[in-house]
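Paired with chain B in one complex and with chain C in the other, chain A is shared by the two complexes that follow.
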Partner chain A sequence: MNVLLRNSIRRFTLPRLLFVVVMLLFAVFMLLPIVFIVSHAFKPYDELFVYPPEFIVRRPTTQNFIELAQITSGSIIPISRYLFNSILISAATVLLTTIISAMCGYALAKQPFPGRKILFATIVLMLMFAPEVVQIPRYLVVSGLGLMNTYPGHILPLLALPVGVFLLKQFMEQIPNALLEAARIDGATEFGLFLKIAVPVCMPAVATVAILSFQNSWSNLETSSYFMQDDYMKTFPYFLSTLTSNLANNVARQGAAAVATLIVLAPNLIFFIILQRRVIDTMVHSGIK
Partner chain B sequence: MWTRIWSYRISYLFVAPFTLVFIAFIVVPVAMAVGLSFTYYNGIEPPRFIGWSNFQYLLSQDLLFLQYALPNTFKYAIIVGPGGYVAGFLLAWLISLLGKGLRKWVALAVYAPSLTAGTAMTIIWLPLLSGDRIGYLNSFLLNNGLIDVPKLWVTDPKLIMGSMIVVSLWASMGVGFLAMLAGIQNVDPQLYEAGRIDGVRSRLQELWYLTIPSMKPQMLFGCVMAIVTTLRAGNIGVELSGVNPTPQYAGNLIVNHIQDFGFIRYEMGYAAAISVFLLLLMYVSNRLSWRLFGTGENEA
Partner chain C sequence: MANIRIEHVYKHYGKEKHPVVKDFNLDIRDKEFIVFVGPSGCGKSTMLRMIAGLEEITEGGIYIDDQLVNHLPPKDRDISMVFQNYALYPNLSVFENIAFGLRMRKLPKYEIELAVKKASRILEIESYLSRKPRQLSGGQRQRVALGRAIVRNPKLFLMDEPLSNLDAKLRVTMRMEIIKLHQDLKTTFIYVTHDQAEAMTMADRIVVMRDGIIQQIDTPERIYSLPSNTFVAGFIGSPQINLIEGRIQANARGDLEFVTSRLRIAIHEANAELLRKHERVDRTVLLGIRPENISLEALFSDAVITGKYRFTELMGADRFIYLDIGQEQLLSARVSPSVRFEPGASVRLGIDSLKTLFFHPDTGERFAD
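So, the complex of A and B:
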């Protein structure tokens, strides 16, 4: 009944068609940077330098990919090591960040413990501090804790994502107390409530935090460049950036650089699409009542 | 008091993991940076305590700051902040009206500038805003007789701020947009059906009377993030004009000023003082807007 009613309102009319077309045109305009990055990676050298730049490649080639493969095969540490580092670090960061942010957000939203207000106020306040001057103090903390050249040195600093807690707290506030009360009477523990009610109901927000956290960790160069001295501890995007940095006025390796940009961007896109689908799918079943 | 804290021991377990990393990697470094703002520190010699001097200099003698960085930031923020916020919300709403299959692709497109930031952005906008006759915008305006001479969109001190604002608005669909998109889709469909029975006629009425009131927490989040990201912007002017600092400091924002002192002149103490000032600025705008939204209850 529910679905039928909605569909009958959304049946195909001319204004609706027009609306969809306008939205799609707008989407294409916004999508230009991605189109450009993908297309750029397939351009032969003579097309890479055309000005003004062309969005769509005319004679696509894979020569840039071969060039990048040749450069990377010269590296002493096998590229698989960098890939392993990156996958391990990103997976751990995303998983742990979503769990601890959701737990903290849930307690902030639904448990009136003493100190809750001050904790939340601090989180919002810290969100506002410009990161530029925190670099040196953060370096001191990481080295003081003995995290240099370790995986926790990559992961732990990125777990503190105040914006994630803020977002989840805002969503979890909307869970009706009656729903939690009912489950409590049925004998659910606080952790059970969190896992069985709060997280599923707020899945869209949890997925959004996962997207943010992935974006934050996958292409992060800060931890590799400041906290890791040993080359085999660095990440894949960092390795690519060392191959292709300082190319501003250089012709050589521009093709490889274009491919590297695409390779660093692609996981972000895939992750976003998978999780947005999840956001949209959960909406259909539940929705906060 | 202690018995009350003890009775909430599970809550503390819930917040403990985050709070620990938060204190170690954010609160402590920020506190150290705030401490540095009262010192002279060049990154090599140990910091030397100088009291309020950094702040006194910033507010009374730093002409670059008072003449350019501060007013520029106000001009930029007053348009990009609210503009980006409203645009983000409207786009999220429009996307939620699309069919399920299209939604994630359009969402991806709108979020694309936030994913690709930096180089890709300049590549898109520079040919468009290029100052010669082949720049797309110039050639369009010239061909239609709207201007006689090509305009230097990104290098003329009078025009660069406008270009920065347009490009920033284009790139402003970030985390706030994602949150509002998720929030809109989270509104219970039954609410709309009930509304229809109660006489809500158009989509716009639906938006105003049903959607917005039921997603206040997300609206608030979007608002805070709009303030934070706007006031933290800095690289855009340099990327567009291709020179640092921007021509006649016309696109110089507070964050550029911080970077100038922090990374070029190595006056970390002074850079920290500017950061503290920026934090206060954000805090004040935050309070103002929360008062405006009048949610009262969950203030920070």
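So, the complex of A and C:
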């Protein structure tokens, strides 16, 4: 035990120590916004507007939560409707995006077909476009398909995730062909190969795509703002954006907005923490020689 | 239980001019252990993959039990295959790895359990059925790969260099286990390797390949003692066979002799007849002689060779010495391990002239009866 301890201390050379310190500082810096949002939600009004602003709450209160509940109880559309919409849309988007990206990535990586390279190049090209560039054509497509004010109108524009396809294609290329051939000889169908071998082996990438897709859809404002006319079809981030806008002063409802921000952030964080474990676990023990 | 017939099989990749496999013909009998051997890139693995159905056949036909299987997908051929890198499913436990093929065939649960238990007992992997492949050593992984192959009781086993990732000692152990497995299962095996020792120890018949063309199909004994050409002679056997270029001449008594600028070796009567038949008198030939047929013990024979001692390789039970006899290559000979020579010493060794082989100097073909 003593030897082990001594060895681990000896391994901490000065450059290594410096590296750890720098990385720790970096991590703390990255963590600051999250700490701020959590702490902000519990601040009483006077602390919300204190100048210079303070990071950590001094006298935590649940007053902001009550305010948010009061605001929503007064409106025609309850907050739960926005949340329900958000959860339903995000769940559907994550599920479908992951399936589509994985299938597309598998086909591009392991199923030779003519035009494969051009198709992949096109998908990579899509990575270059900023979302704003495609907003107008996207509007025309959604309206042309008659998806205004429907759930597919929320989900469909988010399904194509070029980063996801790219990531999964790169990962699936790493699967040894022998693994798929062994399964083929064992009697697996092509879909069986995909589902029982390719996807489990690429779980870290699949989890990453799920995270990306969730972040993309959970905080998405675009579909609610442009494609939904009725309020009951809009999502929680939209509701959040309306909390403080359109008001005569910029002091009112700041507490409620702080709580709402926390509510938007929390699922993102939880989703990431759950999947992150899986990502690291699978990465470390891929078991492929 | 399977007879395999391979008829005029060719394999071309894309628009490449030279086929990877060329006019491959082979009849494999039921329960036979066939080994494809050759240097890398000789087409042996491609041929195996065509039998498995993982690679398309450009031309020709493969028959398993007289059924043409050219267009049959791998899963319908009733075969199983062991891969070089084991190809175990990393996400499944050892039990599930072995059971995978049975589950795909929708066998009832109790049958799967029984079959997996039986296979794991044979291969002595019962104690780690619940582990994941990553928690196993190379040898254990190879056993699991074998387990996955035998659990389905296929007609035919295909093995693609299954031992090449293992260390030397384990390779010898697993080699014996595979021989034992073949004896117990009584099934046809096709085994691909580039290791001539594996081919010699395991095979009922060896198929030696080079550049996609079969060089020789025969039993290990005959491949070793009667190679069809200089390639087979050189590929099988370690240290390599000695090949010496020289002329065949008749001496004053009318007996034939093999003559180089520094050597004059008497030719055995049986070989002399052969060389006369092939009209090689007064023409050049390649003489092939294995190191173990050149020795101090054979000095009493009339075929004696003298060379300058260069270096030695001690193998434990044997010592191989290398002599400079004025040829491009050194001559290797087997002597007793207790014998030692001074560097540069002149050494006289006898050749067992009955064991000499004669090859055509241009084509490399052996002159045969």
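Rule of thumb we're sticking to: the second predicted complex is superposed on the first by the 253 of 289 C-alpha atoms of A that agree within 3 Å, B and C clash if a C-alpha of one lies under 4 Å from a C-alpha of the other, contacts with A are read in each partner's own complex, and residues count from 1 in each chain.
Note that in this section a residue touches a chain if its C-beta (ideal position, glycine included) is under 8 Å from a C-beta of that chain, and two chains touch if they have at least 3 such contacts.
For clarity, every value in this text was computed on a predicted model and none was experimentally measured.
Q: So, on chain A, is it clash or fit between chain B and chain C?
A: fit
Q: Applying the touch criterion given at the start, work out whether A:181 contacts chain B, chain C, both or neither, answering first, second, both or neither.
A: Only chain C; A:181 stays clear of chain B.
Q: Once the shared chain is lined up, is A:200 touching chain B (first), chain C (second), both, or neither of them?
A: In the superposition, A:200 touches chain C alone.
Q: For the overlaid complexes, name the partner, chain B or chain C, with more touching residues on chain A.
A: B
Q: Could you tell me if A:190 is touching chain B, chain C, both of them or neither one (first, second, both, neither)?
A: first
Q: Contacts for A:44 in the overlay, against chain B (first) and chain C (second): which applies, first, second, both or neither?
A: neither
Q: Nearest 10 degrees is fine: what angle do the Cα centroids of chain B and chain C make about that of chain A?
A: So the C-alpha centres give an angle of 80 degrees.
Q: Of all C-alpha distances between chain B and chain C after superposition, which is the least, in Å?
A: 8
Q: Quick check on the output: what are the common chain A residues between the chain B footprint and the chain C footprint?
A: Common to the two interfaces on chain A: residues 287-289.
Q: Over in the complex, which chain B residues touch chain A? Could you list them?
A: For chain B paired with chain A, touching residues are 1, 4-5, 8, 10-12, 14-15, 17-19, 21-22, 24-30, 32-33, 36, 43, 94-95, 97-100, 102-113, 115-116, 119-121, 123-124, 127, 130, 134-136, 170, 173, 175, 178-179, 181-183, 185-190, 193, 217-218, 220-221, 224-225, 227-228, 231-232, 255, 258-259, 262-263, 268, 271-272, 275, 278-279, 282-283, 286, 298, 300.
Q: Please output the residues of chain A touching chain C within their complex, sorted ascending.
A: 176, 178-179, 181-188, 192, 196-197, 200-201, 203, 285-289
Q: Where on chain C is chain A touching in the complex?
A: Spelled out, the residues of chain C in touch with chain A are 52-54, 73-75, 79-81, 83-91, 100-101, 104-105, 132-134, 148, 152, 165.
Q: List the residues on chain A that touch chain B in their complex, please.
A: 2, 5-6, 10, 19-20, 23-24, 26-28, 30-34, 36-37, 51-53, 99-101, 103-104, 106-108, 111-114, 116-117, 119-130, 132-134, 136-138, 140-142, 145, 156-157, 159-160, 162-163, 165-167, 170-171, 173-174, 190-191, 194, 204-205, 207-208, 211-212, 215, 261, 265, 268-269, 272-273, 276-277, 279-280, 283-284, 287-289
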